[in-house]
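In the two assemblies presented below, chain A is common to both, partnered first by chain B and then by chain C.
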Partner chain A sequence: MLKKNYNYKIKDLPESLKQFIGLIIITLIVIISFSILNGMFGEGDELVKRMKIEEERIAEERKLNKLISSLPSGILVTFDGTDHYKLTDEVYEQVCNATKLIPQRAIMGANFLNFRAHELYTINGNKIDETFVKWDQEKGKCFAGFTVSGNNVGVDESITISGEALSFLSTGIDTRVYFIKNF
Partner chain B sequence: MEYLKKYPKLFQWLFLLVVFLALCFAIEVPETYKFIRGQAEFIKDPNQSVYFFLGKEVRYYAFDVFWRLPPLLGWLPIWINDSLFFLMNEWMPMEFWNEDTQEFKTRPLLLQISRNLTSFMTFLIELIREILLGGLETIVAFTSWDFIDAYPWLELPGLPWTIVAAGAAILSYKLSGKGLALFAGLTMIYISIFGQWKPSMQTLSFILVAAPLSFVFGLGLGIAAYKSKRVEKALYPILLVMQTMPQYAVLVPALVLFGVGDHAAVIITMVVAVPPMILLTILGLRAIPPEVIEAGRMSGCTNWQLMLKVLIPTARRDILIGVNQVIMVCFSMAVISAFIGAKGLGFNLLLALNQLNIGLALEAGLCISLIAILLDKMSLAWANKQTDYFGNLTFFQRNKNTIFFAGSVVIGIILAYIGTFIFKESFNYLFEVPHNKGISTADFWNKGVDWIFDTFFVYIKAFNTWLIVDVLQPMRALYLRMPAVATLVLAVGAGYIIGGIRSALVVSALTLFIALSPWWDRALVTLYMATFGVVISCLIGFSVGTLCFQNKKSAAFMLGVCDIFQTFPSFVYLIPVMMLFGITDTSVLIAVIVYATIPATRYTIEGLRSVPVGLHEAATMSGVNKFQRLTKIEFPLAFPHMMLGLNQTIVFALFMVIIGAFIGTEDLGQYILKALSDKNGAGIGLTLGICVAFIGLIFDNLIRTWVNQRKKHLGIA
Partner chain C sequence: MKKSIIVFLLSFLACSSVLARSTGCKEGNCDNGYGKWVYTDKTTYEGEWVSTKKQGIGIETWPNGYIYKGEFKNSVWSGIGTLTFPDGSTYEGEWKNGFMNGQGIFTWSDGKQKTGIWKNGKLQE
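Coming up: the complex of A and B.
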């Protein structure tokens, strides 16, 4: 009975008012639908954090790229006594952080002093598993290294070689480790 | 409450506007939002969110949903691509006989159908091209290379330009009279002596294949839709979308299905040209009075006889208007399909625009426009021509045009033969003027462009800078600042106020499709450019139309100008604006304004003309002055018609904005252009095309609903 009365009341409302109420309802439906979707897909704060970290990383990378392009092309060293370009302590750290590549020359040089690594490297077709270049804050030195792994006469082996990165090669676009002192 | 009852719509609009603005101010731009990082970039970034749908991985930047909806339809382009790949490479493999290798070969069915269709189209194009320009491919198709070596005289010689020019003039004379004949003759002579004969004939051959095929398919489907409600219902949504779909977007899937070349261009032109033919066929058949149909049945006609002998001849005019529309669409596609390798004037125009050689582009553009105007006038004259069945004519009177044409063929051949002696050392100019040997005004125009730049550079640059910095950029920023929820509330609310719940649902579905696609930001940029163009076009169009309407001669003149401008392929509009404003957004917008002003002007004049004369007289008798008559009687009555003009203006503006991507805008058109050169671009191109079509359909739905209601209200429905 009560429901019937409400129905009549709604039917008796002026057309203009009914349309207005309809508009309000439709607006609310759209906003509520968005709220529900926001609960399902919204990633606002988390994304902001991630994006900020990403932006900082990009900014840092740009800074390092700028530094690299300002360095002369050729061999950059950390010690006196050669004709090569000598890095200051500060730039040494920056170059270390900017360097990602260890070319085959440096790897083969380091392998000279490690016979097993050299053997594993040549048997498995000069394959390198992973490389790393990192700055040691305590020692104030740059360390570079790589891991060779593979099968050596039926035995699976994995050897990691690391040492101080004493010189770098600057191509003008990037820098690469030129010599690893692993002795 | 009293005011609410008195002005209900006003209050509804105010409420909607308040909610929209409140949402815009309440929802802040997310810190991570950057336009360049829009979700359409399809790059891999660790910060992106990922979802899988139908086995497809979709990556996107997850913003606050109130700001931008996640691209839940991002799988659609990938799915379309994969489906096309499956259909073309894996679906229903069958054994087919290969003529070249003389053995059976396994091929997917659709690939085989596509290849057969492609060969058939290529054959038709080559046949007509060789009739016009000469060649031996057609003869070889029926014989062999050895055969043509043995009988080299069998090679098709092509038609001398003099014969084609005379033929065009005689046909025009038969259809319309001396004026059109003179225009046809001069057009053909211009094309020839300016060295545009070969590309013009290439374009013509492409149109002579596409237009008749489109006519046959359009007529067939139109009759089927007239006969069966089911067919009509099935065709209706496709026809609706195709009306607002940018022609550019259809090119991309065609590339995947039919490859690159004239054949693909013909097929895709048919896809675009068939819908207007279907619509006009249905319109023509529906307009036939029931008495005519009844009379046909009473005479004992079978269904086929009724259709062929009664209905089609009665609806002849509308059907021939359809032919006119087909030809116009074919011309606009002649340029656009140059993107997928169609040869001819369109290709030359595109090449010249790419090289920024405005002079050459102008020459090619002028040729296309002249041929388009000529064919437009010829087809309209054909549509309006009445056959005199009762004239008591002599043999010569009945066949004089054929006799004159036969005479011109003989004279043309003799002239071409004489030419072989006159131009012994060089080209036979009485047969064909080669492409680079005709008169060229390109240098003159290029120097003109340089002069314009040198003389007005400061002013043009100042105008450009002002428009971009003070008008366009703030406007773009405003559009991009609209949160998705606010835009959707505005669109759905507008739909509800104008057309009730049904219209609200349609508008909401169309808007949601775009909002859930990965190109919402780009759609907003497209919308901002189109809005700017539409506002200025309407201001110009309504003012010019109203002013011209005051005088019968000026109204007729302006309608004639609109007719001519409407026949120009849309690409041609880019030439003069590039001459003046270089490669900037300003150029695109000015091209949009010029192109979109045509329907605004035309519909204003026609709307004002549609006001009954009786009302004019009644108004004059009541003592109103001219201005009062215009504002109180003519405008309110013509307004529904003018709004249909606005609808057309929006569609025209959207088309031109998309074409403007060629200059380098950053809207949806740019992505369609990119998709053209991407081997996985079919899905993206098609989805983007649907997005643009839906923008047009949103406005179409709102405006048409409003117009129908308004007409009912005014009693002119």
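Coming up: the complex of A and C.
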């Protein structure tokens, strides 16, 4: 009887009010559903933090790409006495942070001072396991290196060669480590 | 008009691919005699050749600044030679199988020097 009364009361309400109440109910359902889903699968603050870090990384990458495209194409050096483009200390750090690649001749040059690495590199078809280019905040220098590994006369070996990255090649699109001084 | 644009584009592509792969003997005789060979990465060798191998005196210049001037045997740095590193450091002395092997002097770019016997690129202390 009571239920029937409520039904009649609702039916008697003006159409616009009924639509408004419906809209509020739908909105509440959507909000509650999302809250439940977020509680179940969402990572809340952690996700926001990660997104912010990613956004900062993208912004930094864009800044570095802009710098790389503004540099002249060719060899960029950090030392005096050559005809090549000399990097300032500030740009040297930025170029270091933007550089990811180490071409074959730079690897071959670094291998001059490490015969075992050279052997391993040659035996394994000039294959490099990993390369790294990183800025050493403490020393204020850029370091680059690579790891060669493989089987040398029945023995599994892994050798990491690293040294100061003293010159880079700017292609206009990216920069590459051109000279690793490991002596 | 359309045809000429297509012909122009095709010839441009053909020329650029030919130039990109421009490797080989650029001057002289690279079989037996004196000649200059340029590799795809712009490394050059200018010197003596015997049976298509680097043999005798020559200069090898790498695009990243390494310059070897001296003797070659079987296309490898062997004999007496000088390697100049991109930063100006040098090694002057004996070479074998492409490595510093024998008596030599290493001079760093700041003028510091070390003389000694080298074995496979390593100074024997």
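The rule is simple: the second predicted complex is superposed on the first by the 146 of 183 C-alpha atoms of A that agree within 3 Å, B and C clash if a C-alpha of one lies under 4 Å from a C-alpha of the other, contacts with A are read in each partner's own complex, and residues count from 1 in each chain.
Operating definition for what follows: contacts are C-beta pairs under 8 Å (C-beta built on N, C-alpha and C of every residue); 3 or more make two chains touch, one makes a residue touch a chain.
Note that this is a predicted model, so its numbers are computed, not measured.
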| item | value |
| --- | --- |
| Partner chain(s) touched by A:E56 [first = chain B, second = chain C, both, neither] | neither |
| Which superposed partner A:S16 touches (first chain B, second chain C, both, neither) | first |
| Partner chain in contact with A:F41 - chain B first, chain C second, else both or neither | first |
| Chain B versus chain C as contact partner of A:D129, first or second or both or neither | neither |
| Chain B versus chain C as contact partner of A:L169, first or second or both or neither | second |
| Chain A positions touched by chain B in one structure and by chain C in the second | none |
| Residues of chain A defined as touching chain B within the complex | 14-17, 19-20, 22-24, 26-27, 30-31, 34, 37-38, 41-44, 47-48, 50-52, 54 |
| Complex contacts: residues of chain A adjacent to chain C | 75, 77, 79, 81-82, 103-106, 108-109, 112-115, 118, 166-167, 169, 178-179, 181, 183 |
| Chain A-touching residues of chain B, taken from the complex the two chains share | 4-5, 8, 11-12, 15-16, 19, 23, 30-32, 45-47, 49, 61-66, 69-70, 484-485, 488-489, 492-493, 496-497, 501, 504, 508 |
| In the complex with chain A, residue positions of chain C that touch it | 41, 43, 62-66, 83, 85-89, 99-100, 106, 108-109, 120-122 |
